[in-house]
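Chain naming follows the written order as A, B and C, and within any one chain the residues start at number 1.
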Amino acid sequence: MPELKSIIESFLFVSEEPLTLEKMKLALPETDVKAIKEAIQMLKDEYDHRKGSICLVEVAGGYQLRTRPEYADWIRKIIQPFAQRLSPAALETLAIIAYKQPIMRSDIEHIRGVDAGGIIRMLLDRKLIKILGRKEIPGRPLIYATTRHFLEIFGLRDIKDLPVPKDISDLGKPTVEAHEMTFPNNFIPTPDENT
Amino acid sequence: MPELKSIIESFLFVSEEPLTLEKMKLALPETDVKAIKEAIQMLKDEYDHRKGSICLVEVAGGYQLRTRPEYADWIRKIIQPFAQRLSPAALETLAIIAYKQPIMRSDIEHIRGVDAGGIIRMLLDRKLIKILGRKEIPGRPLIYATTRHFLEIFGLRDIKDLPVPKDISDLGKPTVEAHEMTFPNNFIPTPDENT
Amino acid sequence: MFSDIYKVQLENIFEGPMDLLIYLIRKNEVNIYDIPISLITNRYLEYIEWLKAMNVDIAGDFLVMAATLIHIKSRMLLPVHEDSDEEDPRQEIARPLLEYLRMKSAALQLNERELLGEHTFIRSPAKTSGAGNLQDREIRVDLFELIQAFQRIIDNLSPDIAIDVVAEKLSIKDRMIELIWLLKDRGSLIFQELILSLDGKIEIIITFLAILEMVKRNAASIIQHTDTGNITLYLNESP
């Protein structure tokens, strides 16, 4: 039998999506989870130590081999990602669903102040969100939540791994052009003064 | 700039097919072919030396990262439980049964316009549908309905929770996205067409 | 044609009234916890007027926000008792604004992450890999795909085939007709067996109500066997 570490490496190499501990355990019934975990850690250390282009990350409830960000510019020269972009509006909607899930369409629209139908549909198409079911209130509206694919794309281990949204009360100086409506990152969060 | 060897590794990692020297040269216009070849050899030696599950092979006029043959048996264990997608035909048949249940085979075939026997059997095998009984009409044909397992797969509590096409059309058209962030399509697993 | 151009611009710049409001608050450098409501309301209305003058279609959302602002402004004019615990009317707008800003910051934080497909890449394993035993493989499909599959069928359906999009609802009347039909065929039905053949609570309840209705209308009789306890349903001879 080859080394456990290498077997796990081969698993990760052929997996289409982040591989969970449970799935590895199923494929290795005679190995205990603790040993699998240790082997994963060893493999991760090895990749880090070797300083190649590949690293082992914990994401979307599992483990995955990925290229290091430093290589992105080079990789884009060899493959042409069909660039599909998320607009600020789509990102905001996605953020609302991520932080407030499970959430109804009307609640999303309440926060953003505009219709969200088209964006919800696009996010469903892109498998970043899913229909979770219906809310037991009159009209039985659909409720939405983010998917595992969302975690995978954004490199999150699980939904608890989401960054804490900052409370922003200082809106900063206005920009000259209305086009630059996006907010600078360096807002200084001030204590909530709500009374 | 990262090491040439690592850049090439990142190329090989993300390429779906064996990567030719010409393609690498195109992505690295300032590096000469000899240096690329040397880097490939170094990388190959490194993989051989390391004795992991991955190796670099020259194949089909190019280079490719592959798992070593010794790992094939192990890999089959992890590939096997992998999620499978339903073919469009199976999905459509399942959709008809889900929305129109209880339903006879002849009605399914009437709607889809093609024989449904094979797909019905497959859906029965996969425990997505069940035989509910016979319809009390001449010939006493079998009638089908979805199962509890179907609800589990789709994360529904009750068949009443099943969204209808109207729920989706109410969302309107998906918004056309044309801003900032790139999401490549080619990394989102595409449905298997070969069920 | 000009109005088309402006329409596009408005949507690009201020996607909704919240965006416009935030822009005005920033432009006038005011504190979101202490919004000078009449200034902001006036600016907001000026902007809407300007848009109207430019012949731009204004979404209803913008007008709703205008009404909200005017309402807050009028409430601010009312005298407030010193010791009143009534909250500042401006909270009605400040709270959602802060929430919106929080979500905007969350969106930015998401955008700053190392995104798969942009900063980091995974292998796309060959599709040929691993046939495996199909029976045991789990199914990866989501509801949206199922609805889309159904939509596809409806779209491709020839016009002579009509199908209801909404799942059929059982009515008591339909159930009665079905039961009468079954009874005519079989002569009698054993209640316990009938219930067992049903799927789901709703169906059982509907069937039960249908039986009660039939008995009430004297269309059927229920007889319980003294030994077995079986309840049998018979069709009454129609007069």
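Just so it is clear, a contact is a pair of C-beta atoms (placed from the backbone, for glycine too) under 8 Å apart; a residue touches a chain by one contact, two chains touch by 3 or more.
Computed from a predicted structure; not experimentally measured.
Colleague: Going by the contact rule set out at the top, which chains touch both subunit B and subunit C?
Modeller: A
Colleague: Farthest chain from subunit C, going by mean C-alpha coordinates, please.
Modeller: Ranked by distance of C-alpha centres from subunit C, the top chain is B.
Colleague: Quick check on this structure: which chain has its C-alpha centroid closest to the centroid of all protein C-alpha atoms?
Modeller: A
Colleague: Between subunit B and subunit C, tell me the centre distance in angstrom, where each centre is the average of that chain's C-alpha atoms.
Modeller: For subunit B versus subunit C, the centre distance works out to 29 Å.
Colleague: Using mean C-alpha positions as chain centres, tell me how far subunit A is from subunit C in Å, no decimals.
Modeller: 24
Colleague: For subunit A versus subunit B, what separation do you get between their C-alpha means, in angstrom?
Modeller: 20
Colleague: Where in subunit C do residues touch at least two different other chains?
Modeller: 111, 115-118, 121-124, 129-130, 142-144
Colleague: If you look at subunit A, which of its residues touch at least two other chains?
Modeller: Touching at least two other chains: 13-16, 65, 67-68, 71, 75, 79, 81, 88-89, 91, 115, 124-125, 127, 130-131, 153.
Colleague: Okay, in this complex, where on subunit B does subunit A touch?
Modeller: Against subunit A, subunit B makes touches at 2, 5-7, 9-11, 13-15, 19, 23-24, 26-28, 50-54, 65, 67-68, 70-71, 74-75, 77-79, 81-82, 155-157, 160-161, 163, 167-168, 170-175, 177-189.
Colleague: Applying the document's contact rule, which stretches of subunit A touch subunit B when the two form their complex?
Modeller: By the definition above, subunit A touches subunit B via 2, 5-7, 9-11, 13-17, 19, 23-24, 26-28, 50-54, 65, 67-68, 70-71, 74-75, 77-79, 81-91, 105, 115, 117-122, 124-127, 130-134, 140, 142, 149, 153.
Colleague: Give every residue of subunit B touching subunit C within the complex, in rising order.
Modeller: Interface residues on subunit B, with respect to subunit C: 10, 13-14, 16, 75-76, 79-86, 88, 91-92, 94-96, 98-102, 110-112, 125-126, 128, 132-133, 136, 145, 153-156, 159-160, 162-169, 180-184, 186-187, 189, 192, 195.
Colleague: Provide the residue numbers of subunit C that touch subunit A in the complex, in ascending order.
Modeller: Per the stated touch rule, the residues are 12-19, 22-23, 25-29, 31-33, 59, 61, 65, 87-88, 91, 95-96, 98-125, 129-130, 142-144.
Colleague: Please name which positions on subunit A make contact with subunit C in the complex.
Modeller: Touching subunit C: residues 13-16, 57, 64-69, 71-72, 75, 79, 81, 88-89, 91-92, 94-96, 98-99, 110-115, 124-125, 127, 130-131, 147, 152-156, 162-163, 165-169, 171-175, 178-179, 181-183, 185, 187, 193-195 of subunit A.
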